[in-house]
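Encoded as structure tokens, here's the structure I'll be asking about.
The chains carry the letters A, B, C and D, assigned in the order they are written, with residues numbered from 1 in each.
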Amino acid sequence: RKDLFFILGPCVLESRDMALQTAESLAGMAASLDVNIVFKSSFDKANRSSLDGFRGPGMEKGLEWLQEIKKRTGLPVITDIHAPQQADEAAGVADVIQIPALLCRQTDLILAAAATGKIVNIKKGQFMAPWDMAGVVDKAASRNPGIWLTERGTTFGYNNLVVDFKSIAIMSGLGFPVILDATHSVQLPGGLKTASGGQREFVPVLARAGVAAGAHGIFMEVHPRPEMALCDGPNSWPIDETFSLLQNLLKIRDALHA
Amino acid sequence: RKDLFFILGPCVLESRDMALQTAESLAGMAASLDVNIVFKSSFDKANRSSLDGFRGPGMEKGLEWLQEIKKRTGLPVITDIHAPQQADEAAGVADVIQIPALLCRQTDLILAAAATGKIVNIKKGQFMAPWDMAGVVDKAASRNPGIWLTERGTTFGYNNLVVDFKSIAIMSGLGFPVILDATHSVQLPGGLKTASGGQREFVPVLARAGVAAGAHGIFMEVHPRPEMALCDGPNSWPIDETFSLLQNLLKIRDALHA
Amino acid sequence: RKDLFFILGPCVLESRDMALQTAESLAGMAASLDVNIVFKSSFDKANRSSLDGFRGPGMEKGLEWLQEIKKRTGLPVITDIHAPQQADEAAGVADVIQIPALLCRQTDLILAAAATGKIVNIKKGQFMAPWDMAGVVDKAASRNPGIWLTERGTTFGYNNLVVDFKSIAIMSGLGFPVILDATHSVQLPGGLKTASGGQREFVPVLARAGVAAGAHGIFMEVHPRPEMALCDGPNSWPIDETFSLLQNLLKIRDALHA
Amino acid sequence: RKDLFFILGPCVLESRDMALQTAESLAGMAASLDVNIVFKSSFDKANRSSLDGFRGPGMEKGLEWLQEIKKRTGLPVITDIHAPQQADEAAGVADVIQIPALLCRQTDLILAAAATGKIVNIKKGQFMAPWDMAGVVDKAASRNPGIWLTERGTTFGYNNLVVDFKSIAIMSGLGFPVILDATHSVQLPGGLKTASGGQREFVPVLARAGVAAGAHGIFMEVHPRPEMALCDGPNSWPIDETFSLLQNLLKIRDALHA
């Protein structure tokens, strides 16, 4: 059952308490379901739609909170960086370093992340074909074989994304674990005036399809109260409906291996 | 187990013998797996890429063959029509009448098919949003409540299609069974000079994802020797790998209902 | 100046008087600007979004009106057909027979239209690559060398179209005149609940770009009162702003040839 | 005639001599045609498809060369930055600072560029709707009203881009000059195994359509020998065909204003 893992957590580190409580919930699920969960949260949202969007606590405080979360829950943590010079400091705490989709072509960022020796989770840009991740993987692999690839939807007209599930098979062919990001994939980019909209109700549909399509991991932003989230609320999944969703996903995974 | 059904068969009625043998194979699977299989084949391919493409035996002979297949295998049959005046004759044999995707907006065709009283399986046009099938459904439902809706991919740039699995949930919301066509969805329209290409290797990925996403039925063109098929070979699934694929799909369906 | 021609008229023949008055306006512009204008209108809208949409006067009455328009204005006329058996009757009146975009892959319709000996204007399907019109052209050219090709936008996500202006150059390479349909290209298919929306304000932008890109003809649905139109109002261009738009387009054409 | 300006130059500063000679050619055209030309070249290609792609001379040497080019040709220069900390140094030389399309959502980069007081040319991301540039513009305008916006195509399926010419009108509505990038718009992203392909033959089509659609400026990468270019060769326009193309574009501009 350990062969399907999950990356879960709030979009942004809204506060120390909120992040810690969410992580403790998730740690409970990991123990109860006997699965691997990586806690995900960002210390800085560097590409908000609007200048007024909440960006987070910043790197210093954010990494401090993540360190505490690791220690108290035992969950490994993943966080994203936006500049090469953040890589080493982030790697001091994070078990996995994430490259945002819009930055997946920035060579220096990939190299710096990979050079830390930590696993690097690279999100496929919304503007890229799955087979073109080969060039991105080559950059990272020149420093470090620990690579994960995440599908989070492709530009589909304006203000919409579509997940091409063939992408999971195609990227798996590159030889690294492939993750489906089921929450960003239901974003409606720019769909709200000053932020991105989302269609939370489709998260389970995409997550289930992702497992059935053969994804090694499922990524979902979860939140205790999505409607109050400071970032990505419309596409975040409620923490109190997360346990049952994970159960369903594990059943599909079991069926595939039966 | 009867709640996941399959529409299976060769793209076109290549010959009486070939169609009958394929149907007998499928009837064996239906019995062995205790599932509903509808035999699908076309009597006329009315929209080939090239004037030289094989079109089929025509309506008269085609319906005769389908009648014999029904009788000898016990499978219900589905076939597609391209003009309103074909509806009644087709309905004399077919249990389900199919509306091709490119014709799903032709009002008179929908009305004529629905007026036969047979179930009408309407393929969503490659140019349509799933919610816009509401208008199409209204046309058919004005004559007959027996409607199925089939997702077969949406135009995604040139010479490519993408399946938006959210579409399965959206169209299910219209109140009728939704089918995923896992073979036409891997077509590369016009990808070959005088015919459409296809990526057969992704058929199981999409079929599994379709079941997991909640499709009521899975449609697949199957062929004893896809590389020799007179139509849609590149995206047809081999008949001798069909039984194991159906087994896998049923396991996923069972997992969803467990 | 005769090398840039126009196809203009109301979407549908709303009434004899309305069509005739519009045609007389257009005939005046043709004379005054010394350009070729083909009068366009449909006798039947066979693929409305909703069953309740106005379909038109039908073939018999519609062709009678078009005949009268030809006679009284001297303008050649173009109208679209939806079934092979309509071709001969339509060709008795129409100077050009049009194949709707959604039907451009229907072999029998193309062959029947071409067999009349009239010029056939084939609209490129919203689901097709421009180079794949080669197969369509081959079908028509097997009967008749008089072919026009019309670009009217390609599916671009849901409820939107985009014109790829490279298409004008690519289709010109097939050896036949290429027309940009500047009004259907600003449609938002299905954008209204029971009809397609449109963005009339962008018609001049696309029409100017079309001429500059090298289109041989510009197609625009024009209407005396677009907001009252029974079909395609949101993307129709007002007749009283048509003369000045044609003047601007001709200036661009002259600049290209200067 | 000064109301249509051009941004022209080689993709990357391949060598001091090559850049200087290209700029001198362009300065000759600017004088002869009495138009404004801004010389464009990059000192670092930070997001090549492959790790082995040529990246350029780096910031220090690159800015030195651009300074010399400014001095010797009198042309203003534009160059792109990829990190906030590059803004001030680049602004010491560049008249216009460019934000790469993939980075147009990175808030700190926009703010740093705008804070220099120089004009900032922001390329619209391939993943963005034109109206969503409002949020990007707000970020820049919070520091500096000198903003240009550049359309360079939108993701259109895999390995292809499409220019929506409506975007020129929509972005013009934001109140800043809008530029059409006619060379990156014909890129086939990732179309070659380890680099992006391109379709140079369509550059004039898009450039002419851009002027006709109302663009204030046209951006084109030009090169003395595109087939030998170290970057973006397949979509670069030959310098020796540039003068005649500019003449044609100016004629269209004149026709619009006649």
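Throughout what follows, a contact is a pair of C-beta atoms (placed from the backbone, for glycine too) under 8 Å apart; a residue touches a chain by one contact, two chains touch by 3 or more.
Keep in mind that this is a model prediction, so the values were computed, not measured.
**Student:** Can you tell me the least number of steps between subunit B and subunit C, where a step is a move to a chain it touches?
**Tutor:** 1
**Student:** Hey, what angle do you get rotating subunit C onto subunit D on C-alpha, to the nearest 5 degrees?
**Tutor:** Going from subunit C to subunit D via C-alpha fit gives 180 degrees.
**Student:** Could you check if the interface between copies subunit A and subunit D is built from the same residues on both sides, meaning over half shared, or from different ones?
**Tutor:** same
**Student:** State the chain with the largest centre-to-centre distance from subunit C, centres being mean CA positions.
**Tutor:** A
**Student:** Report the inter-chain centroid distance for subunit A and subunit B in whole angstrom, where each centroid is the mean of the CA atoms.
**Tutor:** 36
**Student:** From the mean C-alpha coordinate of subunit A to that of subunit D, what's the distance rounded to whole Å?
**Tutor:** It comes to 33 Å between the two C-alpha centres.
**Student:** I'd like the Å distance between the centres of subunit B and subunit D, where a centre is the mean of that chain's Cα atoms.
**Tutor:** The computed centroid separation for subunit B versus subunit D comes out at 48 Å.
**Student:** Mark out which residues of subunit D touch at least two other chains, giving numbers and ranges.
**Tutor:** Within subunit D, residues 154, 156, 158-159 contact more than one other chain.
**Student:** Tell me, which parts of subunit D touch subunit C in their complex?
**Tutor:** Residue positions touching the partner: 154, 156, 162-166, 168-169, 186, 199, 201-202, 205-206, 208-214, 248, 251-252, 254-256, 258.
**Student:** Within their complex, state which residues of subunit B touch subunit D.
**Tutor:** 156-160
**Student:** Flag every residue of subunit D that touches subunit A in the complex, lowest number first.
**Tutor:** Subunit D residues touching subunit A: 46-51, 55, 82-83, 102-103, 105-108, 125-132, 135, 138-139, 142, 154-155, 158-159, 189-190, 194.
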